[in-house]
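The following blocks contain the structures, represented as structure tokens.
Shared between the two complexes below is subunit A, which has subunit B as its partner in the first and subunit C in the second.
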Partner chain A sequence: MSTRRSRLWVLAVAFALVIGACSGTGSEGTTVPDTSGGTETTDSPSPDTTAPPAEPVTVRAAITGDEDTINPYTYISGFPGWNLLMMQYDSIMQIDSDGIPQPWLADSVTANADLTEWVLEIKEGVAWHDGEALTADDVKFSYDYFIEWATGRFSRDLRGVESITVDGNTVTIGLGAPNPAFDQVALADVPIIPQHVWQDIENPGDIAFEIATNVGSGPFKLVDYTPDQSYRFEANSDYFLGASPVDELVVVVFADDAGANAAIRSGEVDVIFERISPEQIELLDAQDPLDISQGPEFTTQMVNFDVTKAPFDDVAVRQAMDLAIDGQDLVDTVFLGAATVGSPGWVHPGKTVYNPDVTPVFDPDAANALLDEAGYADTDGDGIREFADGPMSFELIVNSSDSLRLRLAELVAEMLGNVGIEATVASVETATWEEAVWPGFDINNGRNYDLAMWGWSAPVQANTIRIAQLVHGDPGVGFLNLTGFDNEEINTLSAQLQVEADSAVAADIIGDIQALMAENLPFIMLAYPDGAYVYNSDVYADWEFIAGQGIVNKLSLLPASARP
Partner chain B sequence: MSAAEQSIPTTRRRRRVSVADRLGLTGLIIVVLLVVMAVFAPWIAPYDPTERVGTPFQPPSAAHWLGTNDVGQDLFSELVFGSRVSLTVGVVAALVALLIGTSVGVLAGYYPKRLGAILMRTVDVVLILPFLPLLIVLAAYLGRSLINTIVVIGVLIWAGPARIIRSQVLSLRSREYVLASQTMGAPDRWAIMRHVLPRTALLATGTFVRAVSGAILLEAALSFLGLGDPIQKSWGSILFWAQSRGAFLTPAWKWWVLPPGIMILLASLGFALIAFAMEERINPRL
Partner chain C sequence: MRRLGLRRLGQYVLVFGVAVTLNFLLPRIMPGNPLALIAGVDVGLMTPDERAELIEQVGLNRPLIVQYFEYWKSILTGDFGFSYRSSRPISEIIAERLPWTLLITGAALVVSAVVGIIVGAFSAWRRGKKSDLTLLTGMISLESLPSFWLGMLLISIFSVQLGWLPSFGAVTPASDLTGWAQVGDVVEHAVLPTVTLTVLSIPGVYLTMRYAMLEVLGEDFIRTARAKGASERRVLFGHVARNAMAPVVTFLAIRFAFSFGGAVIIETVFSYPGLGRLIFEAVSGRDYPVMQAAFLVITIAVLVANLFADIIYPILDPRSQEE
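Right after this comes the complex of A and B.
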């Protein structure tokens, strides 16, 4: 009898739990009408919002995913990891709000006529966080150090550096070949690290966080880190361009963007250092005191195929796939319009070097005709065309952590289905996906996929001169060429571009490359999503949107007078 | 205990049974309705759930009873077709669990000494393992597909049924007819097939129905966490997309989150009620 009663109890408790869970979601949802009404009744103002100006300003930012100890050898992601790194460190140049590099730790940066020698006049009076002066020797040391102890990004930036000499405050960098993008790619990207802290350190990749090694010159210094939870940065009151109006920057690590969104709605954080998804823009903007900063960015969404393998080695197949995909539909459906349709020539239409003759074309009839003509017929009548090795049926792999990209994959598969190419979406762990598309982050390891969704972060697009890295057939030059693409004409032009000193000529070459890419399709461009960021304007409102890169940057947290 | 059992007046006993029966009948009706929905999904659903039939993020309307999801697929159609995945995973995973559970239970019960001890310690280990974390690790390791979801759930929920069946077999193996057949030289295999298995079948059915209920909840949990196959239309994956596209924080929770939640509750409850009624009848009384 007692067992029977206890069974009833279990049932009742289970039922109550389920009901409880449902009403839990319910009450969360019901706060929405209040907030969209414009008046803020649900949130009690946090202490920061009511504080008089004299009180210290604390900005609490949300990120999704831990960034380890944020020194040049440990930070994890290109965004926002590198951006947080650069809150602590400075580079010789700094990107301004138009995306143009300006001298930062230097009074002037000049290059000789053929762009093989760069002369930096290092600023005087800049101090490290520990009070030591930042000198020209530190600059030379930093570049030498990054070349000696390879880090993926900074060592790549400094490729081609052959000599670095110091004379007083002057640093002269000699390059093996002309590099017109050296300012943007290296000088504005590589952090300068203090020689007196790093000179005895070997194998810097293995260093754990210590205050001692995390000495920079930037407007903030990292004072506390709890893995997977939070970071605390304090403003550097002696910053050479004036102390930040924000005294303390607390970065909170969230598991996903839903958590971060909930936190900013409830006032637990003041800004989200990740792009918010399109459907959230209107909702969050409607809530006071939240505001949205929005603009075009140079991140990309694309489809990669293994060009070395049949049938993707046939340009007709690639062209047909490109014609079959309706970029505008993707932008409208997945991004709710908050994106630019991908140009088949890779370059964002908002950039000055964009070739206006290269435009996305959607024409499934032409795609079908092209495939018919090239001999890919559906011989067995199952709706899927056949090629030499069997039906044109492929796995389209995508990382499950990015829900927008997952949706893009679904729609791409649907569109390819319309022209008789079957793509089955396989959603896998991020590590599995990276290992298939870019094994070991080294293209010499080859590729293990047929079709894959892919995307590059903004810096890859930011400087178009880097296009050779993306499409050149030689792995040494085209080290981001993930699809195995190799086209003689593009190889020649993109190699020429890397050493072209005349910017007008360079622009012409970039235009020609775009046209060639649109014709030969090393990959299929889908869209350039807009960046949209949400912040609490009562706490801090002076965010600077750098074209193509968003608000997570040093300029956002500097006094207006210090921004170039 | 057994004395107290006997002293219950017959009228009271009958009433109690009929409450269980009524609950069981309710469960049966729910389950039958869900099965009908799953089988006749293409006729019930107004649209193909994989097709984009409207603008994204639409609230409910005459054309779309539950609105549309983040890419403009009809949510009501997704819900109807979702019953197929949820019920399939529930039933097949429970079958897997039953198969493992019955085999282990019968072997451990019939050979209680060494083999039984080893098997039951294994059962203990499986029972002690932190359930949800293990499920998540397994699901992440094996990858996302319907088969993997079924296998993962199946191999994690067999331990309970194994224990229940073992205790039944333990008592069966010392019954006179089993002993008699052993005395007459019948092989163990014959005794198990002829005497033990048929008498555990009913009990196994009860535990199976209960396992279905649990498996449906687990499938929903896995899919919601994004560890199922997000492309499969299941109730859990509807919730996954609702979560990843922010519907929990917008008015859309009423038509995007609540309905699949209710369906999961109904399916799980339906099977649980049937199991409850069955156990009232078939569980051996001491």
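Right after this comes the complex of A and C.
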């Protein structure tokens, strides 16, 4: 690492040179940058002609936005921050490419019949990056630590844990109530941290950590961090499932996705963490050696309305709006086909618990008939229907930073116009939009909008049994219920689902809830966009697509034999 | 004279006070909430108690007036506390960002000043002729170019198509370069953003210079200079250009001051780790402490530049002293 003074010297000289380069007074121009990183294998002649030593593989990955020092208390975003965290740490279970949790740091994970007691047999022979052995005590310590020092995500994962006991290699976790999702939500999510590093650290939320604290058991170690610019991870050659075929992972921080797209086209990065937009898919795929990995994902695009006030408190209005929107048209026009049409029952059709009787219906005539019948007539002939408080004319707010969502909003407004409901698209900056839809991120504060474009990240959809969070009428249970929806039947069923131990019964309940949601419409589902990810196949091609986690995930960077 | 000096000083103090107050109020008047930044993406999944605890932890529950005095205290002590986002000291973040910003904005300012002044003087000298009109039209078109578009165009040509220059960042990531190789690396990365900034700054200097020159050209002393037989060259550089410099210097001083605020759009297009990108990120996340500190840097720079212009103006144009 350079000292402060030498950095200033470099800057001073650079300043003079930049001026020289810009005034263009006969300077030879600057030299070609070394954009090849360490990945070029062709231009390094080896004296040994029989067995050229394998060149180390470096993969340079682009992210947008800094992730701080990426330990459990400092990483910033759920994606890709958590993914980068889990390159360094392991959890008791690991999501496989189908999204199913598999034992990872454990030989086995078993639960009792009512899912209140979980028994983990911790693997032997796993070492921390510093060589110390990972033990069952570390596992208990980690969970206790996250419960004592709140992190947000991991502390929440572990809510309901009442006791943790260790006996040899066996860790037994007792829960206060049955939790059928404990494996997915907690065991496959919470990183295990070393007791010998963390036992003396108090108030971790207030500390600006050095990267030296990042001692994990994962396939990579963070060895270098330049804030807002880059990270360098080195492969852990002693990883318990075998060393990664990638020796070095360099993560570059971009300001926006346009910059990352340009850099992968110029060969300056090899893969982009975030998915690319639909119109980029064909363009990037056509360029050699870039390839695309694409598949269905669980993020959502939807329209929210304030169900507590007229006219959206009338289910006929909500149903008419749903009928008026042509989901297929949205998918074809905005996503160029790279999305699945939204199911009115919330659950993605690709999920095993999807109720096939619940399908999207587009029928503007039926929508008009429904509105006529419910008494919303256009009495003054201006093409806009009236309700008790005046014309059915509303603002549809959307965040300006998401261009796809903006386009969706424009089309939705046009479709609603066809049935006599005027929606005026108001594009506002993200924080302003969030504050209107979800003031203070607490639904007890109510809501300040009529119509709003909205979308949830993949984890909300991934845990279907947590549907109560989204629709339950009690703010304590339904804390993501942004539209103020309240339906007795759905309340009962969704609450029951949270503690149902029998998975067959749970699947039936989810099916019933979907049918009820399609009828009562707490919100309007538009689409589930596909994920499409671009990578340079000359550098590394063995990427594994995990729905919701993209391709730059832990599995992708492990030897094929180690992947579950 | 001394009384005037004191009055001036009083004015500066007053302006500083108003600016600081605005720096404090503007972030808080904006709709939106820094909670998402403090708590991360999981803010919605927190219980109301956890949220309340968090708000208390960062001191956002204290009365505005208390927070306001805290801000003044931080200005006087130079300790701006921690960013909501990264829990790093803000003074450290700004010290890291400022040199990068000054590298590209400073280089662009110097080059655009030289080019703008020379071309502006030439244009005014050839006033009304074809070359003047061509230059004038060209410069006005240049000024209307959107900066992000120009930046992306340069990336597309020089990085993607030709592969000559890096498209992002200030240095090659995770490279262990030292000495001249490091300098070369920094320069390579600075070229495209600097060129973009330079191209966009030239018209402003050009127009100011040209207009100032035209004003001076009409003055009596120019006719006198010509009448006494001074060469055209001497008239241009010794009389016209020298007297036209005063407004240009003021213009450049203010430009320089604002360059402390970085170039928000350019730094974003090139993912350049300067102050502009920091401000943009702070504003989008409602990172109040960072916004306050970054705005303060700009406030101070602008005031100092003004002071500088106030001092230098009478020297360049002694007539202005008489008033």
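Keep this in mind: the second predicted complex is superposed on the first by the 505 of 564 C-alpha atoms of A that agree within 3 Å, B and C clash if a C-alpha of one lies under 4 Å from a C-alpha of the other, contacts with A are read in each partner's own complex, and residues count from 1 in each chain.
The rule is simple: a contact is a pair of C-beta atoms (placed from the backbone, for glycine too) under 8 Å apart; a residue touches a chain by one contact, two chains touch by 3 or more.
Being a predicted model, the structure only gives us computed values, none of them experimental.
Chemist: Which partner does A:Ser393 contact after superposing on A: first (subunit B), second (subunit C), both, neither?
Modeler: neither
Chemist: Classify the contacts of A:Phe479 with the two partner chains as first (subunit B alone), second (subunit C alone), both, or neither.
Modeler: The second partner, subunit C, only.
Chemist: Taking the superposition on A as described, I'd like to know which of subunit B and subunit C A:Thr170 touches: first, second, both or neither.
Modeler: Neither partner.
Chemist: Report the partner of subunit A that touches more of its residues: subunit B or subunit C.
Modeler: Looking at subunit B versus subunit C, the one contacting more residues of subunit A is C.
Chemist: Does the superposition put A:Gln102 against subunit B (first), subunit C (second), both, or neither?
Modeler: A:Gln102 contacts neither subunit B nor subunit C.
Chemist: Given the touch rule stated above, what does A:Glu429 touch, subunit B (first), subunit C (second), both, or neither?
Modeler: Touch partners of A:Glu429: subunit B and subunit C.
Chemist: Quick check for you: in the superposed arrangement, does A:Leu283 touch first (subunit B), second (subunit C), both or neither?
Modeler: After superposing on A, A:Leu283 lies in contact with subunit B but is clear of subunit C.
Chemist: Of the two partner chains, subunit B (first) and subunit C (second), which one does A:Gln496 touch, if any: first, second, both, or neither?
Modeler: The answer is neither, since A:Gln496 touches no partner chain.
Chemist: For A:Val253, using the defined touch cut-off, is the partner it touches subunit B, subunit C, both, or neither? Pick first, second, both or neither.
Modeler: second
Chemist: Please indicate which partner A:Asp224 is in contact with in the superposed arrangement: first for subunit B, second for subunit C, both, or neither.
Modeler: The second partner, subunit C, only.
Chemist: Both subunit B and subunit C touch subunit A; at which residues?
Modeler: The overlap between the subunit B and subunit C interfaces on subunit A comprises residues 7, 11, 14-15, 18, 21-22, 29, 32-33, 256, 258, 262, 265, 429, 432.
Chemist: Report the residues of subunit B in contact with subunit A in the complex, numbered from low to high.
Modeler: Against subunit A, subunit B makes touches at 1, 4-5, 50, 52, 56-57, 70-72, 140, 143-144, 226, 229-231, 241, 243-246, 248-251, 253-254, 257-258, 261-262, 265, 268-269, 272, 276, 279-280.
Chemist: Tell me, which parts of subunit A touch subunit B in their complex?
Modeler: That would be residues 1, 4, 7, 11, 14-15, 18, 21-22, 25-26, 28-29, 32-33, 256, 258, 261-262, 265, 277, 279-280, 283, 333-334, 336, 400, 403, 406-407, 410-411, 414, 425-429, 432 of subunit A.
Chemist: Note which residues of subunit A are touching subunit C in the complex, please.
Modeler: Listed in rising order, the residues of subunit A that touch subunit C are 2, 7-8, 10-11, 13-15, 17-19, 21-23, 29-35, 60, 65-66, 68, 74, 76-78, 81, 150, 152-153, 156, 205-208, 224, 226-232, 248, 250, 252-256, 258-259, 262-263, 265-268, 429-432, 434-436, 438-442, 444, 457, 479-480.
Chemist: Quick check: in the complex, which residue numbers of subunit C touch subunit A?
Modeler: Counting only subunit C, the residues touching subunit A are 30-33, 35-36, 39-48, 50-51, 53, 57, 82, 85-89, 93, 96-97, 99, 103-104, 106-108, 110-111, 114-115, 152, 155-156, 159-160, 163-175, 178, 182-188, 190-191, 194-195, 198, 267-273, 277-278, 280-281, 284-286.
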